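The next part holds the structures, each set out as structure tokens.
Two complexes follow with chain A in common, the first pairing it with chain B and the second with chain C.
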Partner chain A sequence: MTQAIQVVILGTLLGGVYALMASGLTILFGVMRVVNISHAAFIILGAFFTFFLWESTGLDPLLGMLVALPVFFIFGAVLYRALFPRVEGSPRFSEMTVLLTFGLAFMTEGLMTYFFTGIFRQTAPSYRVEAFEFGSFYVPTAQFYALLASVVLLVCLWAFLTYTHTGYGVRATMQNRMAAQIVGVDVRRVSTISFGIGMALAGAAGALVSFLFPFFPARHWQWIAILLSLIVLGGLGSLKGAVIGAIGLAVISAFVSRYIGPVWSPMVFYGALFIILLVRPQGLFGHQARV
Partner chain B sequence: MTDKPLDAVTETALVSAEPIVVDPEVERRRRRVRITVALVILVLVALLPFYRSLGAYNYVLQIGVSIFAWIALASSWNILGGYTGYISLGHNVFYGVGAYVSALLLIHLGISPFLSAALAGLVALALGLLAGLVTFRTQGPSFIISTIALLFIVLVWFDAWSLTGGSNGLSLPLPPFSREWLRVPFYYAMLLAALAAVFLGHRVQHSKFGLALRAIGADQVKAEVAGINTRLFKVLAFALSAFIPGVVGAIFAYSISYVRPTIFFLIAVGARMVLMTIIGGRGTVAGPVIGATLIILLNEASLTYFGATELNLVITGALLVIVLLFFPAGIVGSLRERGKLPAFLDWD
Partner chain C sequence: MALLELRGIRAGYGIGPDIVTDVSLDVEAGRTHCLIGPNGAGKSTLLKVIAGLLPPRAGTVVFDGQPLTGRRPDRVLAGGVCFVPQDRNLFPEMTVKENLVMGAYLVRDRAVINNRMERVVEMFPILAERSHQVAQTLSGGEQQQLSLARALMIEPKVMMIDEPSLGLAPQVATQIFDVIKRLGADMGMTLLLVEQNVRMGLAVSDWSFVLDLGSKRFEGPADAILDDPRIRDLYLGRLAERRERPT
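Showing the complex of A and B:
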């Protein structure tokens, strides 16, 4: 029993970080119907950014995250303006964006391998190997800080969407792009900001990844497969679905990893996706897809 | 899809039932040209292994094997992705499963993969049928994502399964041919597979089945209203497009004498089929052939000049982005839009 509770604790900690990773993807899909296959590649780019910042100046990765946020926001906004307006009018826009970002993922991976090589890296702040202990349980400090950072960022995101004028625009665009345009939302501007936010979240997640896991460029496929399964499972474009799915599945996969074997733990995410497709094709919190 | 002539054809067939007017004399001449060119290329390709004094004989034959294999794979992918617009990013699952089926039959029962290739194709087809039944419960981006998940399920599974040798894979007994002629049987076997795939693609293009698939690609709701059982046709297309990849996997595994998950189940392998078809022109018969040939030759050239595989990834990605942004209809489609498609590429 003690052991099971410990597994739940570890699973929840990891789930919080997955939720942060998936939230960027969900925003992008919700606002623009863009499925960003390169999201995890940019998370790795964020990890490299924090790593080199830490290596050259000794800046703590958690503070590095604060630097990564604006840098990646600008990067995202520029990338959006450069690539996406060209394909905006095309039929099957979402499929088009899948292929486009698929190409971007290959380019990013190839360039990172070329410039940074394929070896494993990790930032090593002092708290990486520490842990809090409560009675018979322990909470790894690094994962606790990562969860805390994820919660803070997700709350900021929620507050932005709920209380700011631009946030209204973003939510309106998520609900109905054309209607938002009719009532005077500048959809192009909202899309640029959302893409920036999605990318900033990827950069922030990368900063957390830099001390949580050893990373290397080709690692992103494994993550994107998990994240994509998560957002389909939660219902494409549903932030609530992505967060609940992330935490729930991270806990289940922690159990699988502990009792069946770590090789099988990613299977939980893919398997859950197939089960949900059979039972509820629109995802946990999704709406019936419009054809 | 974005291809104007295809839309026009579907629309005519579904909505107005007006015949497409072509000058029969021009059509007959173009037909003669394309059949002649195809036969000449085929004869040259088939005679190549007899030209024994060719420099780097085995290397050239090996490139031939590669090109034929990828023509077969891309043409098969095109049946689903090109006509219906449902993009599978995990199609290499069928290629890999075919390879493993034949490898296991060779190791345990001693059956030559040249014989068991058809069986490997059937196993792939059955798997495609099953995968189609589940993945087609959804559409658009969710469909694409579920094909990626399928790929990763198979990758994790084969990485851990003792029957398939886990991540180390399996070594196959060497083929019983003399060293000197080692490549030749594979060359012809793969050539046959490529021909079969292109022929199948051509049959699909010119059948009611293909028309139904294109109707689904153009507008699924209209297709459904017109009385097409879209779900059945999509599942059939998925299964059909899984068959030849299984066969190709079986032959390819034998030619390299080992199977390992990282050869067959990497996402980059599936990505290649997509890239080739899109560059050549999806929804056309000649597109995947042109795309596969170009990419393999480009790949060999970049390996020779740069040597590094990571730059290969960059080139692959950049090509995909450039083609999607500037020529979404691919080589064949773009030439047709401009009315400049040479007769020998016009098989649609």
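Showing the complex of A and C:
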């Protein structure tokens, strides 16, 4: 029993970070119907950003995250304006954006490999190897901080969407793009901001990845596969779904890893993907596609 | 000078053919206008062009002396031209109240928004009862009322309403048209209506434009147009016959 609770703790810690990673992806899908295949590549880019900041100035990766947020926001907004208006009017918008972001993923990986090489990196703040205990349980400090940072960012995101004028515009666009235009939401501006937010969240998640896992450029394929299964499970475009899906699957995969073997834990994500597509294709909190 | 002037509008979607080939028409202040014509005549497309949702391939839209052509939808709306599309286009997961607040997205003053909401809800009492209900749980008629109410939140000068009776039971459609009549005749709002149920549409209108195959064929006072032989022969033949057939 004690062991099971320990597994739940570790799974939840990891799930919080997955939730942060998936939230950026699901916001982008919700607002723009863009499945951003390059999201995980930008997470790795965020990890490199934090790594070099840490290596050159000694800045703690958690503080590095605060630097990554605005930098990646601007990067995302600029990237959106440069690339997406070209395909926006296309009758094959969805296919085009999949190709576009797929290409972006390859390019980002290629550039990172060229400039940063393919060796494993990891930031090493002092808390990376620490853990604190309560009762008979232990909590790795790094994962606890990462969860905390994820929760803070997700709460900020939720507050932005719920209470700000622009946040209303984002939610309106997610629910019905045409209706949003009709009531005067500038959807181009909302899309730019959303892309910026998605990218900022990728950058922040990268900062956390930098001390949680050893990373290298091609690592992103593994991440994006997991993230896509998470947002499909939660229901594409549903933030709540992404968070619940992330924590749920992380806990299950922690169990599989502990009792069946670590090799099998990624299977949880793909297995869940298969089952959800068979049983409830719109995901846990998604809606049937409207025609 | 008319309040809203369309000159030589040509429009279509993507790389597809022209849906609207050449339309010029004048919308006069304070009048209710009805656009009629068979399916595919380009009625809805024309409204989308005016709303700024579809940039025209040629032609100009002038509103109140200001060119609207090529403006973003939110700028067109800010100018006072609003659009109620045919599939209602509500925010399904927001409550009735939140939908109404979204209608005044361009208005930042909370007091003004609350004030308008009170007035709008007076016109649609059912919305007051449903104010905390999520939009997707409303009936078709209630959704249409919410759609109209949301458009009124911006206090538009011109309201374009696309197929308000679509998918509604006859009784409910009658209620909706009562409201439209009140907006036009009693409140003096300028309306541009597209309606498949031609008789219902014309009954609340002052003026009518007849569209076919993307261009304007004819226009005239709404009460006389059904009796015009050209209209009967060309576009409404079957409809007029049905009206005369004893039931």
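Definition applied: the second predicted complex is superposed on the first by the 289 of 291 C-alpha atoms of A that agree within 3 Å, B and C clash if a C-alpha of one lies under 4 Å from a C-alpha of the other, contacts with A are read in each partner's own complex, and residues count from 1 in each chain.
In the analysis below, contacts are C-beta pairs under 8 Å (C-beta built on N, C-alpha and C of every residue); 3 or more make two chains touch, one makes a residue touch a chain.
This one's a predicted model, so the numbers in the text were calculated from it and none came from an experiment.
J.: Looking at chain A, does chain B or chain C touch a larger number of its residues?
T.: B
J.: Quick one: classify A:172 as touching chain B (first), chain C (second), both or neither.
T.: Only chain C; A:172 stays clear of chain B.
J.: For A:91 in the superposed arrangement: first (chain B), second (chain C), both or neither?
T.: It touches chain B and chain C both.
J.: Pick one for A:102: touches chain B only (first), chain C only (second), both, or neither.
T.: first
J.: By the touch definition at the top of the document, which applies to A:273: first (chain B), second (chain C), both, or neither?
T.: A:273 contacts chain B only, not chain C.
J.: In the superposed arrangement, does A:184 touch chain B (first), chain C (second), both or neither?
T.: second
J.: Where on chain A do the contacts from chain B and from chain C line up?
T.: Common interface on chain A, chain B vs chain C: 90-91.
J.: Name, in rising order, each residue of chain A that touches chain B in their complex.
T.: It comes out as residues 29, 33, 35, 83, 86-87, 90-92, 94-96, 98-100, 102-111, 113-114, 118, 221-222, 224-225, 228-229, 231-232, 236, 261, 263-264, 266-267, 269-271, 273-274, 277-278, 281-283, 289, 291.
J.: Can you check the complex and tell me which residues of chain B touch chain A?
T.: Result: residues 1-2, 85, 87, 89, 134-135, 137-142, 144-146, 148-153, 156-157, 159-160, 220-221, 267-268, 271, 274, 278, 308, 310-321, 324-325, 328 of chain B touch chain A.
J.: Which chain A residues qualify as touching chain C in the complex?
T.: Residues 89-91, 165, 168-169, 171-172, 175-176, 178-186, 188, 287.
J.: Quick one: which bits of chain C touch chain A in the complex? Just the residue numbers, please.
T.: For this pair, the touching residues of chain C are 14-15, 51, 53, 72-74, 77-78, 82-85, 89-94, 101-103, 105-106, 108, 150-151, 154.
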